[in-house]
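Below: a set of structures, written as structure tokens.
In what follows, chain A forms one complex with chain B and a second complex with chain C.
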Partner chain A sequence: MSSVVRRPLLARLGALGQAADGETRTAQGLVWLWVALLALLLGLPLLAILGRALLQGDGRLGFGHFGEVLDSPGLMQATLNSFVVSLTVTTIVLPLAFGFAWALMRSRVVGRAVFRQIALTPLLAPSLMPAISIVYLFGNQGMLKSWLDGGSIYGFWGIVLGELFYTFPHALLILVTALASADARLFEAARSMGASAWRQFFTITLPGARYGLLSAGLVVFTLVITDFGVPKVVGGNYNVLAVEAYKQVIGQQNFERGAVVGLMLLLPAVLAFVLERRTARRQQAAITARAVQYTPGRDPLRDVAAFGLLSGVSVLLLALLGVGIVASFIGYWPYNLKLTLDHYDFSQIDGGWAVYFNSLKLATATALLGTPLVFLGAYWVEKLKVAGVGRQVLRFFAMLPMAVPGLVLGLGYVFFFNHPANPLNGLYGSLALMVVCTVAHYYTTAHLTAATALKQLDNEFEAVAASLKVPFWVTLRRVTLPICLPALVDVARYFFIAGMTTVSALIFLYSPDSSVSAVAIITIDDTGNTAAAAAMATMVVLTSALVSVLFSLVEAWMARRRR
Partner chain B sequence: MQLKSLFAATAVALVSLSATAASTLTVYTALEADQIKPYEEAFAKANPDIKIRWVRESTGVITAKLLSEKNNPQADVVWGLAATSLQVLANQNMLQPYAPKGLGQITPHFRDSANPPKWVGMDVWAATVCFNTVEAAKKGLPKPTSWEDLTKPIYKGQIVMPHPASSGTGFLDVSAWLQMFGEKKGWDYMDRLHGNIAQYLHSGSKPCTMAASGEYPIGISFEYRGAQLKEKGAPIDLIFPKEGLGWDLEATAIMKGTKNLDAAKKLADFAASREAMEQYDKNYAVLAMPGVAKQNPFIPADYSKRLVKNNFSWAAQERDSILKEWSKRYESKAAPKS
Partner chain C sequence: MKPADTILTASPYLAVHGLTRRYGAFTALDGVSLALRHGEFVCLLGPSGCGKTTLLRQIAGLDLPDDGRITLQDRDITRLPPAKRDYGIVFQSYALFPNLTVADNIAYGLTPRRERARHRERVRELLDMVGLPGSEDKYPSQLSGGQQQRVALARALATSPGLLLLDEPLSALDARVRDKLRDELKRLQKKLGVTTLMVTHDQAEALAIADRVVVMNNGRIEQVGTPAEIYRRPASRFVAEFVGEANWLPARRADAYSVTVGAHTLKLAGVPAGEACTLFVRPEDILVKPRWEAAPNTLLARIADVSFAGAMTRLQLLPEGMPGVMLIAEVCPSMLNRQPLVPGEIVPIELPAELLVAYPEERA
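Moving on to the complex of A and B:
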């Protein structure tokens, strides 16, 4: 008994006596090593953009390039267009996703899990996939062209429709979480006071989810304003900022203007991020410990309505995914509808099948590099009790990518890693740098997943281990890692799919030897070979889907073994 | 097929690893993706010890890339880029003068006039309008025969053309209209045409592929893509507008300061050789070396006489200001709505 009490005391005394013992020094070193790594992967490239935008031809700092951009009417028009498109998509996707989330969480429709899976399938596809489907559905030779009543899909509405598909699952995931935590006592009280279902919805459900709605809205807005794939394919002559950044940098090699446009894209994203963080903090306090979990009662009318909504949206999402897949097997739309595999013979395109294998390599390497980097980083932040400042900086860096659009990060990588004075400039154009960039780009979500899993583990493990003089790396390997394995699998899957589908950052970083599928879809579509672009997009979707299923099997197997 | 490709990719990777010590040329090009492979194979047959690392983009992108790398050139050779663009580089003193073997057999006005020349032509590519007969019949559109016809109100929203800043085909159209009609009338023509254009596209091919699939009935493009799609069975007619055809040369040049000058010279020699011309002949009707070309069934026999007069040094000098003016007129406005 007495030894149990005395032991930590002794350990603490011991720690005082040799403040910088081996273990502490190692821990401090690791925290600062991660800080340095993330500074290299995120901080410096972003600073490089700022430098490039401000540095004038004569070597002094100034706002000359901003003036040029403001002076060119094309760019200002593109800025305006970007805002209008992003606002429109946000206004449409929010009620849709909210309704869908509500139907999933607050109704008793059979097969809700299936609907949920369907709603998440857009995550498996690059944003170019819906754009290609839209061409086949609503293009001038589209199957449903007559629905447009003589209008053209190229331009505003094409972009809006494509972005709806692309952003829907992102909004849904946030709103499902927001609706997951409902206090049944409120609904009971309302019912006993005779409030109608509608009144309950408007006075309890909606206000309860307002932070989720705000945060989903901000995420959608940022995704749309920085996406480049959809407007590139169906934008027609409707210029938007993201495509403009691409034109400036790739088309005209005007890096300074590209940097300015990049900063313009960064601004709304950072604003959205700050707002989102502030509301998220308040959201956590909204549910008290005494809340009773809400379970929907019997209500056939509600369930019919919910079913209608779930199936309607699901059909739309599946159409925007499926049409592109089917189109990739059609001989020569619209004149020869014979089914064929010809479009999968990528010998006529830059790089051929090699770009697909590059994608596999990129995705695998992203998962292999990203998972340990993120998990260990999260562990240092959550469990180590040293280098407080270092852990604060590390936490900031882990959250930073959420506020940085891929396009902007890619530009930063060009400026930083392609600088002649950078000793790492040999990496430029290599698959390795593209892997690093993808890990950095998707760091935040992966970090949050790992951190959540770690937070669920009682800190007593570390305390007990410390008192037994077991160094933290042993605890990490023997206890923490095995328990967190499911979260690790999640993170790995997330990184793999991100690596398969991402295009926005990589468009600036690839070289002919390291082009990947998602980038190739754009270059193929530029030549007008839409069927081959659809075929390449299909390869990406099928691969992501297959790998996703494999990961689920691994998870199920691990769960069974644990039982 | 996947397995085979994987094997091939591995083999290529291994070969390129072992060949870096010998000589690998970085070649910038704006050739069509589907043309590159036969050219590369023919070159490899003649020069098995030299490997090519291709960087392929549209004309505008490659030109911008080369210019931006002026102080630190990444390319050894440019094989298959518009002569106008190469002349821009020549004006900036970025090209290595070199007289390839057999230069004497090249038509004099299809090469740089300096001696030794800074660039040497390969073949001519020229404006061609792809016209989808099926869709035109459905919409009751008459077949246009001239550039002027394309400005008629009946074609409003029915025409696509390449963007002159990104596409070499787009630029040769604009340059030819300005040279053929004169500056004032040329811009006036484009103002009127702009009202009928549904989209300006990234590449010179896409207008014709879009016309071929009926997405838009009329695409201003070039003869190679038109003939190729027609041969595949697309329901298109190729129209060679009667005022004359804008054109440019695909040409070859060595970058000044290349570290692989010997290998680069071999590639320049090959690009001007008869074997190479026989490859170009599969795609184009007028070649820089007379007497090689065979008649293409889809291209008229008097094709070379239909080409307008093209002053490369004027086009190269004015390229920047033409593109600026074009962008000011047609890009800053909101898109024309059909």
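Moving on to the complex of A and C:
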């Protein structure tokens, strides 16, 4: 029996090799080229961490370094702290984001689009922005210091507050999608049976969004446990794993211990990722093609409550963003409240304005390199019918970064590219390597955007083109690319903003010449010059916002031209 | 082999030999063999999942078989990539490039690209041929479904391929447009003489358009024949059930040329071995007689219901002496030399011996 199955398989392989023409070989070559590129960008750096963590002093593999970490009470405390902080943030942000998403999707409050934009603004800021605002609000000279009743914001609650701001839009985006798929027929059925609004909420709305809630919870937990910016600025003596990894590697040059901590951070991220992918699949299956779109009816009481929630959260978010921005224009808080641009001088900072221009370069290069790399990669995966194994590996690599925290990726880059035996180690500390790392770090979301756009195209385009003897690259250029242009603009915008705001991976990779704004915010803040840090953060936010608007204009223009 | 023989038994234009394709445990194609003559219009007909589309995709090179061979004009193309074969294809979804004009869509495969004037001329010719003159500068979204399908056909024919493959090309269209396009397609195919293989699940479409119909089921070919052969002499119970309407009567074998149904003995051309069998008769083959006369295969039946169905009238008949049997008959009122039929009436009917077919009882 087995021989019957095996023979055709071998025949297939052999015959494929014989008949492969130029086009097929080109396609195979491209798939494998991308596999090699992503292996270099992702696979090898991650393996390098594993190697560092497992390689003992005597050159053998073992778990000795893990033992050291387990034995050091400081690190175990940091692990515990990380879990407590992540759980706390998840517990607070989920109901808030769910309420906000519900108010956006299930009420008729005026200006919902504006509230939505406000809620998404944290995406334009580095995670340090809220931390700086918190320092101005509740720090030792903070406006609202008296609220704390003698306590200090530096520590647990500071981190929680900052992470709330940073993770809120991520949770919101998932929950809005989960609530968008409401089936009006269910609500009609419930109403006809006399179910109250509360009963409808608990029996239809909440269960309908349960996968979204789980998914959002996992994403928030992972973001918090791997974030490094907020605890670095407002963590005080409250030690968490992410900061510990940084201290071990950068501070103490203890690469082995850093690698172990990196792996410890990778574990919850990978777990959350696997769970999240599973639930995402279920969520899709829950929506049937015949569902009727739900539109909220008139209900003044509900709308008042929804408005209260929307405006309350919006004010909080705007405060955490705005205080930092405003403070950057103030002479010397709280003693000299005169408006000034002095903090934008940056002359006392290593690199000065060059740091900001480095950021612009990094963001632009990330968009310019990342967009074609991701789009073509997604095209090979979705549309080419050759090199099945290669495409599987490529798909795996494309999804991998989602499960890898930036901090871990940065560590991997240190271990891999800074290794003396690596011929590429000249790249270490260069802006080029930082660009590559940022592309790899944000690869998954960009890939999913491109893949979704490609999946919407008729699968037979390539088949028709092949029957007309037109090679795939011509169809890619003449048909696929023009149709997918809006998705490409989306991907480019995403990469640009990621390049402007990212910190976690780059903190391990920059050199004095290649420092960028988001990283400089930390180093400036370390010197105690909070106002300059706020100014730098403001520059990042303004640039991201401006570029985001520009891209939206381009998209609107393209949509108009297509009519 | 003598030259004269070669001409007489001209080798097929397209042939598949023992083609097999498995997806995991599922066998989509199970050793299928088929030959198309030059210029022939052949329909692959069958229910969804029968393997007809899989077969088409193997021939198009969009999927590779596990076993078997495909030859085009005696050239083995089994493993060749699509571009190395010679065919045009039209899909159910049309697959027109939305960002290109009709002219650019049709000229997509014309080479070399720089000979614009020549392509323009060819596009005009093709648009005239499919009945859409002057549509060069329109975009696909500005056309109706039927028009889009015409453009897709023009694009497939632009490079004058030797073989035209059609994958359910009419299924997405309205009934009226579909019938019109079907007739045009057949006319065009005859005019161009391009060997054509069309996949469809619509038996009426297949019978109307094809020179030969290939009925498929469970990855195998059930029958290959002209539409009349398929309809009149279905080779298997599956074909008889899938193509057209039929009455099925449980019967017992009496001898080699007769069976018993209830209290009646019916004559027919041949009876398969085995005690039990099933009789097959088309509704339009049941004859309603003007008056009773004792003759073979003639019996009385009560009319249970009469329904008007346009050109034909449908009758539900309960034959006497056949408890539990209900026959559907279609009669043409203008041909019926008698008073209108009314429910409750008892009429003599004949089940003509030459039109009855007996199939062996299906084993469950």
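Note that the second predicted complex is superposed on the first by the 545 of 563 C-alpha atoms of A that agree within 3 Å, B and C clash if a C-alpha of one lies under 4 Å from a C-alpha of the other, contacts with A are read in each partner's own complex, and residues count from 1 in each chain.
Basically, contacts are C-beta pairs under 8 Å (C-beta built on N, C-alpha and C of every residue); 3 or more make two chains touch, one makes a residue touch a chain.
Only a predicted model underlies this, so the values are computations on that prediction, with no experimental measurement involved.
Asks: In the superposed arrangement, does A:I483 touch chain B (first), chain C (second), both or neither?
Replies: second
Asks: Who touches more of chain A, chain B or chain C?
Replies: Larger number of chain A residues touched: B.
Asks: I'd like to know which partner A:I92 touches here: chain B for first, chain C for second, both or neither.
Replies: In the superposition, A:I92 contacts neither chain B nor chain C.
Asks: State whether A:A463 touches chain B only (first), chain C only (second), both chains, or neither.
Replies: After superposing on A, A:A463 lies in contact with chain C but is clear of chain B.
Asks: Could you tell me if A:L275 is touching chain B, chain C, both of them or neither one (first, second, both, neither)?
Replies: A:L275 contacts neither chain B nor chain C.
Asks: So, does A:A39 touch the first partner chain B, the second partner chain C, both, or neither?
Replies: After superposing on A, A:A39 lies clear of both chain B and chain C.
Asks: I'd like to know which partner A:L316 touches here: chain B for first, chain C for second, both or neither.
Replies: Touch status of A:L316: no partner.
Asks: Spell out the part of chain A that touches chain B in their complex, as residue ranges.
Replies: It is residues 72-74, 77, 135, 139-141, 152, 154-155, 236-239, 247, 250-253, 255, 332-336, 344-345, 347-350, 352-354, 357, 420, 511-513, 526-530 of chain A that touch chain B.
Asks: Under the touch definition given earlier, write down the residues of chain A that touch chain C in their complex.
Replies: Residues in contact with chain C: 8-9, 11-12, 15-16, 18-21, 23-24, 385, 458, 460-461, 463-471, 478-479, 482-483.
Asks: Residue numbers of chain C touching chain A in their complex, please.
Replies: 20, 60-62, 64, 66-67, 78-85, 87-89, 91, 93, 95, 97-100, 108-109, 111, 155-156, 158-159, 161, 165
Asks: Where on chain B does chain A make contact in their complex?
Replies: Interface residues on chain B, with respect to chain A: 1-2, 5-6, 9, 12, 32-34, 37, 53-58, 60-61, 64-65, 67-68, 72, 134, 157, 165-166, 198-203, 205-210, 213-216, 232-235, 327, 331-332, 334-336, 338.
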